[in-house]
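So the structure is just underneath, and the comments pick up after that.
For reference, chains read A, B, C, D, E and F in written order, and residue numbers begin at 1 within each chain.
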Amino acid sequence: MNNSTHSNPNPAFGAHLMAYAGIPTFMRRPASRDLEDIDVAIVGIPFDSGAASWRSGTRFGPRKIRENSLQIWGHNRVLKASPLETLNVGDYGDIAVDPTNINTTVDQIVAEVSAIIAADTQVISLGGDHSITYPLLKAHAAKYGPLAVVHFDSHTDTYRFDHVQHATPFYFGLAEGLIDKEAYIQVGIRGPVEEPNEIEDAEAQGARVLTIEQCFDMGVPAIIEAIHAHVGNRPVYVSLDIDAIDPAYAPGTGTPEVGGFTSYQMLQLVRGLRGLNTVGFDLVEVSPAYDHGDVTSILAANLVFEFLSLLALQREGA
Amino acid sequence: MNNSTHSNPNPAFGAHLMAYAGIPTFMRRPASRDLEDIDVAIVGIPFDSGAASWRSGTRFGPRKIRENSLQIWGHNRVLKASPLETLNVGDYGDIAVDPTNINTTVDQIVAEVSAIIAADTQVISLGGDHSITYPLLKAHAAKYGPLAVVHFDSHTDTYRFDHVQHATPFYFGLAEGLIDKEAYIQVGIRGPVEEPNEIEDAEAQGARVLTIEQCFDMGVPAIIEAIHAHVGNRPVYVSLDIDAIDPAYAPGTGTPEVGGFTSYQMLQLVRGLRGLNTVGFDLVEVSPAYDHGDVTSILAANLVFEFLSLLALQREGA
Amino acid sequence: MNNSTHSNPNPAFGAHLMAYAGIPTFMRRPASRDLEDIDVAIVGIPFDSGAASWRSGTRFGPRKIRENSLQIWGHNRVLKASPLETLNVGDYGDIAVDPTNINTTVDQIVAEVSAIIAADTQVISLGGDHSITYPLLKAHAAKYGPLAVVHFDSHTDTYRFDHVQHATPFYFGLAEGLIDKEAYIQVGIRGPVEEPNEIEDAEAQGARVLTIEQCFDMGVPAIIEAIHAHVGNRPVYVSLDIDAIDPAYAPGTGTPEVGGFTSYQMLQLVRGLRGLNTVGFDLVEVSPAYDHGDVTSILAANLVFEFLSLLALQREGA
Amino acid sequence: MNNSTHSNPNPAFGAHLMAYAGIPTFMRRPASRDLEDIDVAIVGIPFDSGAASWRSGTRFGPRKIRENSLQIWGHNRVLKASPLETLNVGDYGDIAVDPTNINTTVDQIVAEVSAIIAADTQVISLGGDHSITYPLLKAHAAKYGPLAVVHFDSHTDTYRFDHVQHATPFYFGLAEGLIDKEAYIQVGIRGPVEEPNEIEDAEAQGARVLTIEQCFDMGVPAIIEAIHAHVGNRPVYVSLDIDAIDPAYAPGTGTPEVGGFTSYQMLQLVRGLRGLNTVGFDLVEVSPAYDHGDVTSILAANLVFEFLSLLALQREGA
Amino acid sequence: MNNSTHSNPNPAFGAHLMAYAGIPTFMRRPASRDLEDIDVAIVGIPFDSGAASWRSGTRFGPRKIRENSLQIWGHNRVLKASPLETLNVGDYGDIAVDPTNINTTVDQIVAEVSAIIAADTQVISLGGDHSITYPLLKAHAAKYGPLAVVHFDSHTDTYRFDHVQHATPFYFGLAEGLIDKEAYIQVGIRGPVEEPNEIEDAEAQGARVLTIEQCFDMGVPAIIEAIHAHVGNRPVYVSLDIDAIDPAYAPGTGTPEVGGFTSYQMLQLVRGLRGLNTVGFDLVEVSPAYDHGDVTSILAANLVFEFLSLLALQREGA
Amino acid sequence: MNNSTHSNPNPAFGAHLMAYAGIPTFMRRPASRDLEDIDVAIVGIPFDSGAASWRSGTRFGPRKIRENSLQIWGHNRVLKASPLETLNVGDYGDIAVDPTNINTTVDQIVAEVSAIIAADTQVISLGGDHSITYPLLKAHAAKYGPLAVVHFDSHTDTYRFDHVQHATPFYFGLAEGLIDKEAYIQVGIRGPVEEPNEIEDAEAQGARVLTIEQCFDMGVPAIIEAIHAHVGNRPVYVSLDIDAIDPAYAPGTGTPEVGGFTSYQMLQLVRGLRGLNTVGFDLVEVSPAYDHGDVTSILAANLVFEFLSLLALQREGA
C-alpha cells in the first residue's frame, strides 16, 4: 500500500491491495489525462521501431515498469522524500505511437508532451527505445530553451546518421540546438566502437563523455561532482538508458553492453542528481521479452521512484 | 481498438491504443466500483493459498488475463454477438484477499460478490485457484437458490477433505446445498485418482461426471446436448478450470493433467452453453509463472470473451 | 547431413556436420547472391515494424528458421521429393530493411526480389511480419500478372487502413490489382473481429474465406479440394502466416489466435498444394522471443522444406 | 498422497506430503538397491552422450520425471489398476554412466540391469537418450531370448552407422539378434528422411513400420490391433521415445519432430498394450532444459504410470 | 562425489554419482527421521502462503536447493572445514505444511523442530517464505532462551501487522520475547519504506539495523566486526533471506529489492560468523519459478554449505 | 556494420546489415577453410560430452557466440586496436566432433588445429566444454614447445582422473609436458573442493594458483602484474572458462560457481594480457540452454573480441 496524501480516489485500482493485485498504474496513481493539479505525469511511450541496431521489444517497457512499481513503498529512505505526498503524481497512460512511422510518432510525442508541460506538469517518460528522447528534448527545449542534459548510457547515441532512430537522438538534439553544448554530459559509455574517433566526435559535437573506465576509476562521488560541475544550475533534462547498467542487473534491454554499472551504483548516481534543476526525465530501452523474473523492470521502476523523489525534493526546496 | 457503445470515458486507458499500449483493464473497460448501470463486472480474485496440492502462482492470473484481453476485438464472429455493445461491462478490479487466511478471504469474496450481484450486476470472476469457487457459489446461491452448475475440469474437486481448498469447492457446494444435485455436471475429468471409487463418489455426492474418455468418444455436439439436458432452464453457474484443457494449450496452470481438450474444443463447448440461463461464471487456475508466451492467458481471455458473448445473447434473448 | 547433388562447396558451412554444428544457412545451402543456376533462393526479410497490433520480434525469424533447418534431412518421405537434388537451392541471406521506415523497406524488398525472380530464380521468403507480403506480391505480380493467392492465416489482413502494416497486405494487394480477385482464398480465419461484417468485407474485396469453423467441419481433404478449385492452374503465390496454426504448436508469434490448426493439419494442407502452379512463397510472423524450445521455428523450417518439395515436384512435372 | 499397500517406510520421503514437498523418488517409492520382494524397479539412466544428432540434455530426464511423478495418484481409472498396491515398486536410483565413454556405459547398463532382472524384478528405465535402449535390449534378450519390440518414435533409429548412438539402437538390436524380426513394430515414424528408402530399409532389417500418416489414417484402435497382431504373445519389450508425441505436447526433447501424436493418443496407445506379455519398458529422450512448465516430464511420468498399470494388470492376470 | 566419513549407506542415493544423477537429498546425506547420532538436520519447510506482499512460489525452494547441492564438494577451502566428516548430517525431508492455514503450519513447525532440537540435533531450515522464521524462533527460544539473532535481509520484517506473515516474523519474535533485544542485528536493509520512520521503529522494537548504504560504506570486515560486537557469545540464531543479495545474483525470490550484496560479499559475511555460538540457521525466500539457470538455488545451496562449515568449526572448537 | 579492410567479400553474409540480420559468422568474417592469408581463425568446437560433472549443452556455444558477435563494432576503444583491419580474420566454422567418442574427437581436434597453425594462422577456439583444451594444448605445444598458460577458471581442472574430461585438461597437459610448469597460472579458483589439499595438489603439479579470495584482495592491476611476472615472454596459451565469471554475469554455463569475477573485472584482466607473447586462445563452457537473454554469449563474444585485439596489438608490436 502506497500511502499518499494524494491517494487514488478510484478503489478499483486497489490502493488497498498488495503488489500482485489490482490494475497496474504507476504506483497506483490515478490514470487520467486531466492534468489539473497534476505536478508530475508518468507518460508511457511504447515505441520500438527506432531500435535499428539489434532487438525490438521495448514497446512493452511502460506496462512492465508500471506493473513492477506496485511493490514500491512511498517513502524514499535515502533521500528522505515522500514523493507521492509532496507531489500530485498522475499516470497519463501511453502516447499513441505508430510502429510503422517514426515521423508521425515523433510529431505525436512532441504534441502531447508539449501540452502536458504547458499545463505546468512535469513529465517522466517511460520508453520505448531511445529514439523517443529526440521529441522529448524538442518538447522540453521549446519551453526551457537549450537544455543541460545528463545522459546515462553505454552508447553515445550521437551517431551522424541522417534520420531519427535510437542511435541518433543526441546527434539531432545537438545539431538542432535542443541541447546546450556547454552542459551535456554522458556517463557510462563503453564497448567497442565503430570508428576510432567516436568519443572524440561526440565531444566535438558538444558532449562531455565519461567512459565507464573513467567512471570506475573516479568512483561514484567524483562522477556526481563532475555532473554538477558540468551542468550547474541550468534547467536539466535527464535521460537514462537502462543499458548503462550491466546486463547482469539489467538483461532485459535491446542492445546490452557488458562491463557496466551495478544497480547500487546507478541508484547512487541518480540520487546524486539532487540539487539540480531538473525539468524532465526519461528512462528508456527496457525490453521485457529479454528479461527474466522482471529484474530489469523492477530496477527501472525503482529508478523512476528516485526521479520522483528528486522532483519532490526540488519542490520542497530541499 | 475495441469499438463499443459503452466506450471507456477515460482516455488514459487507451481505448484508441493497440494491444501493447495503455493501462490493462479487461478489454479496456472502465475500472470502477460504481456499479450503476454496469451489467457485468469482471472481478479478479488473486488468491492462491487454496492450491494445496502442487504449484502456487495463480494470484497473478487476473492481471495476466486482463493484459492479454487487449488484443481481443469486440465482435464474436461465431456467436454473432457484440458483448461490449449489448452490455455495459465494467472492470471491478480485484477483491482484497489474504494469502495467509482462507477463511477471511472466503468471507470477503462472499461479501463483495454478494454486493455486486445485489446491484443486478452479473459477475465473471478471474482466479486465483479453484477454492474461490466455494464463496462464489455461496454468494450466487444466496440470490438464486441451489445452482445448476456446469463444471469444466480435469479434476472432480469433490474431495471429502475437512476444509476449503482448491480440491473441495464442489464437495462443500454440494454438502451445503449451494448446488442443485439434479443439475450439476462435470466435463473433462481425467487422470489417475486417489481412490478407485472417486468418480462414483462424486456421482454419489450429486455430480453427473463426463470423463475425458466419454467426452472424446461422444464428441463436442453430444457433450453440449448432455449439458443442456442435465441443467435444463435452471439458473446455471459455470466454473471453468483452465486445466480442463490439455497442457499443450494451457501449460500455465497449477496442476496440469495430460490428455485433455484442445483450445478449439473448449471454445466450442463454451459456445455450446448458448441458451442456458447463466447467472455466473468463473475461470480459474491460470498460473502465469508456468506459462510461456502467455498462451494460457490468451486462451483464458478469449474464453472470458465467450462468457461475455453468452451473456450478451442472453440479454438479447437470442 | 543433408545429402544433395548440389552440395555446399564451402566446407566451413559444415555439410558434414550434425545439426548443432556449423554456420547456419538454410539446410546448409551456400550463402550467395550469385544467382546463376540457382533455382530457388531462400530470402530472409527481418522486418518487424509492420507489427502494428501487438508484439514485435519477428526480425529474428529468418535466423532462427535457418538454424532449425539444419536437422531436416533431404528427402520428403510423404511427397517423395528430394528438393536439394532436384533443385539448386541457394541461401540469399537477408534483405537490408530499415525498422524506422516501412516505405523504403517496401521499395528495397520490391527491388531485390524483382531482381531475383528476373534471374529466373524462385523466391521463398522468411519473415518478418506480414507487411512484407505486400512488396512480395508487388514483385511477383510485376512478373506474373495478377496472382492467385493461397493465404493461410488466422486473420484476414484485409483491413481498410490507409497505410501498409501487417494487417493490410491483402487489402493493398487487392486494391492495387496485384491479386486476382477470382483466385484468392484465405484458410483458417478465426477469432473475434473488429466489425461484424469483417468476413463479408474481405469477401467483398475479393477473398474467398474459409473460417476455421468451416475448415474443421470440412476436413483437410475438402479444404485442399476447395483451394484447387478456387485457384485452378493460375500462377499462385502462397503466403503462410504461422499464426494459422494453434499457439500450442506455434507459440512464437506476434498475434497468437487460439483455436487453430495442428501442425499435422498444416503439413497436410501444404502438401495438398501439390499440382498448383506456384510461383512464390512466404512464411511470416515467427517471433523467436516468444517461442520456447524453438518449437515454432522447427515447425516453420519444416514447412519451408515442404515448399521446397512442392517446387521440386513442379520441376519434375510430378 | 499415494496410498499403497507397500508404503514407503521412510517418513523422510514424505508419503504424507503433497507434490511440492519431500524427496522426489518415483511416486514416493523407497529408494533402494535391495531388490528382495521388489516386483518392479524404476531405473534412471542419465546418459546423453549418445545424442549425436542435435541437442544434449537428457541426462536430467530421470530426475525431472521422478519429480513430476509426485502428483500422480495411485489408481488408474481407465485401466482399473492400482499398481502400487498390486506390485511392490522400488526406485533403484540411477545407474552410474560416463558421459565420456559410451562403451563402458553400455557395459555398465547391461551389468546392472541384468542383475536386476536376474532377481526377478522387472525394469522400467528412464532415459537418457535412445542409445540406452541398446544395452537394455541386450540385458533383456539375454534373459528372454530375441524380443518382440513395440517401439513408439518419430524416427526409425535403425540407421546403419557403425557405432552405438541414439540413432542406432534398433539397428544393432536387429543385427545382433536381440530383437525378433518377426515381432518388431515401429509406431509414429515421420519427418523428412536422409535416404528415400529409409522406411524400406528399416523394414528390410526387420521392422514393421507404421508411419504417422498411416497411424492418423488408421486411428488408435486399429493401431492397437496391428500391434497385438504383430507381436502376439511373445515376450515384449516396449521402448517409448517421447518425440513420438508432437512437440506441442512434448517440447522438452532432443530431436523434436513436428506432426506427431497428441498426449491423449499416446495414453490410449500405451493403454492398448494391455494383454501383451511385456517384460521391459523404457521411456527416453526427455530433455528438461528445452521443456517449459515441465509439461514434457509430467506427460512422461504419466506414461510411466501407465507402464506400471500394465504390469499390475499382467500380475493380476487381467 | 561428496566424500564423507558419514557416507550415505543407501547406494540408491548415488553417493558414487555425479551432480546430474541420483535422488537429490542435501549433499547426498541419508533421508531419515531417525535422529540418533545426527548432529545436524537439513529440514525443508515448503510453505509460501506467508508471502502476503508479492509473489508466491517458495514452496519449491527446499527441493531446488537440495538438487543444486549435489555439485558441492565436501571441503570448505576458505574455512578449512569438512563438515560432512566432522558432523553427521541428515536430511530430514520436509515438514508437512498446510498452504491454507498458517496457524496449523506454525504449530506443526514448532512441534517438529522442537522435537529435533530436543534430540540434540541442530537444524538448518530451508524455506519457504520468511514467515517460517517465527515458529523457528519459537522452537529455538524454548530451548535456548531469548535468542541473539543475525538477520540478513533487504527488508526489516518487523512490520506491526496483527498476524503472522512473511513481513512480521521479527516483530512477533521481539514482541513475544523470543529475540534478545540487546543482541538482534539486521544487515543489508534497503529499498523504499512504507513509513518514514520504519528503520527507527525497527530499532525501537529492538533491532540494530545496518542499512545497505551503511554496509557498503563500512565494507565487509567492519560489518562482521559489528555483528560480533553486537551478539557477543550469546546463543545465536541466523536467518538469511536470499533477497539480501542483489537480484542480479539472486533473481529467484518473492520480493526482489535492487541494490544489494554480491554473492561474494554474502559468502564472506557468512564466513565471518565464525566464532559465534550459533544454535540455528534458516535460509528463506528462494522462489524457483522466478529463477533462471538455477543461479539462486545454487547460491543458496552454497550458503547452506557455509552454515554447515560454521557448525563443523564450532564442533571442532575452531 | 563492422568496418574492416578485410571485408567479407560475400554480400550474402550481410556486412551491410545490422545485428539481427544476415548469416551469423563471427563478426561477419568470411566462412572459409582456405587459410591462405588468414592471420587468425575462429574455430568452433561444439563438443560437450566431456562435461562429466553436471550439465551438458555447451555444444551450442560456438553458434551462439557467433550470433552475438554481430553487434560488436570493429574498434577496441580501450586497447586502441582495430583487429579486423590489422588482421585478416576468418571463420573456420566448426570442427567435426563425435559426442559418443572423446578419443576420436581429441584426435580430430589435434589434427585440424595442428593443420591450421601449421599454416601460420593463429587459432581462437570456441567451446564446447573444457576437455577440448587438452587437444588444443597438444596441437600448440607440438609447434611451440611446452606452453606458458594463463588459465581463468573457478575450478583447477587438474583432477587426477584417469581419462580426458572437462576436469582434467590441465592435469594431462602438465603430466604430458604440454605445459611449462614454470609458467602456468590459474586465476579465479574458488568454491568447495573435493579434497582439502586440492590447491596444494594443483601447485604440486605445476600450477601457480590465485584463488578468488587472493584475487579480490589483490585487485585487478596486481593480478595482471602477477600473470606477467609468472609467464614472462614465453609463448603463452590463454584458456578462459566462462565460469571464472560470477553466474550473475555468466549464468549460461555447465558448472556455475558463485562468488566470481564481474564482467568488467574479466574484461580488464584480459586487456591486461597485453604485451604477452600469446600463441593461442580458447573460451569454453558457454551453455546457451542455461542462459537467458543471451547475456553469457554476449559477454563471451566480447571477450573473444578482446582476444582478437590482443593479437592485433601483438602484430603491430604495440
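Here is the rule we use: a contact is a pair of C-beta atoms (placed from the backbone, for glycine too) under 8 Å apart; a residue touches a chain by one contact, two chains touch by 3 or more.
Because the structure is predicted, anything quoted here is derived from the model rather than measured.
A.B. asks: Can you list every chain in contact with both chain A and chain D?
C.D. replies: Chains in contact with chain A as well as chain D: B, C, E, F.
A.B. asks: Show which chains lie in contact with chain A and also with chain C.
C.D. replies: Common neighbours, chain A/chain C: B, F.
A.B. asks: Going by the average position of its CA atoms, which chain sits the greatest distance from chain F?
C.D. replies: So the chain farthest away from chain F turns out to be B.
A.B. asks: Tell me whether chain A and chain E, two copies of the same sequence, contact each other through the same residue numbers or different ones, using over half shared as the line for same.
C.D. replies: Answer different: the two copies use largely distinct residue numbers here.
A.B. asks: Between B-D and D-F, which chain pair is linked by the larger number of C-beta contacts?
C.D. replies: B-D
A.B. asks: Could you please state the distance in Å, as a whole number, between where the Cα atoms of chain A are centred and where those of chain B are centred?
C.D. replies: Their C-alpha centroids are separated by 40 Å.
A.B. asks: I'd like the Å distance between the centres of chain A and chain F, where a centre is the mean of that chain's Cα atoms.
C.D. replies: Computed value for the inter-centroid distance: 38 Å.
A.B. asks: Chain B: which residues touch two or more other chains?
C.D. replies: If we look for residues of chain B contacting two or more partner chains, we find 20, 52, 55, 59-60, 246, 248-249, 290, 292.
A.B. asks: Specify the contact topology among the chains shown, as one of line, ring, star, complete or other.
C.D. replies: Topology of the interface graph: other, matching no listed pattern.
A.B. asks: Dump the list of chain pairs that touch, please.
C.D. replies: The complete list of chain pairs in contact reads A-B, A-C, A-E, A-F, B-C, B-D, B-E, C-D, C-F, D-E, D-F, E-F.
A.B. asks: Using the touch definition from the top, list the residues of chain B that touch chain E in their complex.
C.D. replies: Going by the criterion above, the answer is residues 48-52, 55-57, 59-60, 98-102, 131, 163-165, 289-290.
A.B. asks: Which of the residues in chain E come into contact with chain F in the complex?
C.D. replies: 1, 3, 18-20, 71-78, 80, 82, 246, 248-249, 262-264, 267, 292-295, 298-299, 302, 305
A.B. asks: Where on chain A is chain B touching in the complex?
C.D. replies: Against chain B, chain A makes touches at 10-14, 16-17, 20-25, 31-33, 44, 46, 59-60, 62-63, 66-67, 91-94, 96-97.
A.B. asks: In their shared complex, at which residues does chain D touch chain C?
C.D. replies: Residue positions touching the partner: 52-55, 190-196, 198-199, 211-213, 216, 246-249, 251-252, 255-256, 258-260, 290-292.
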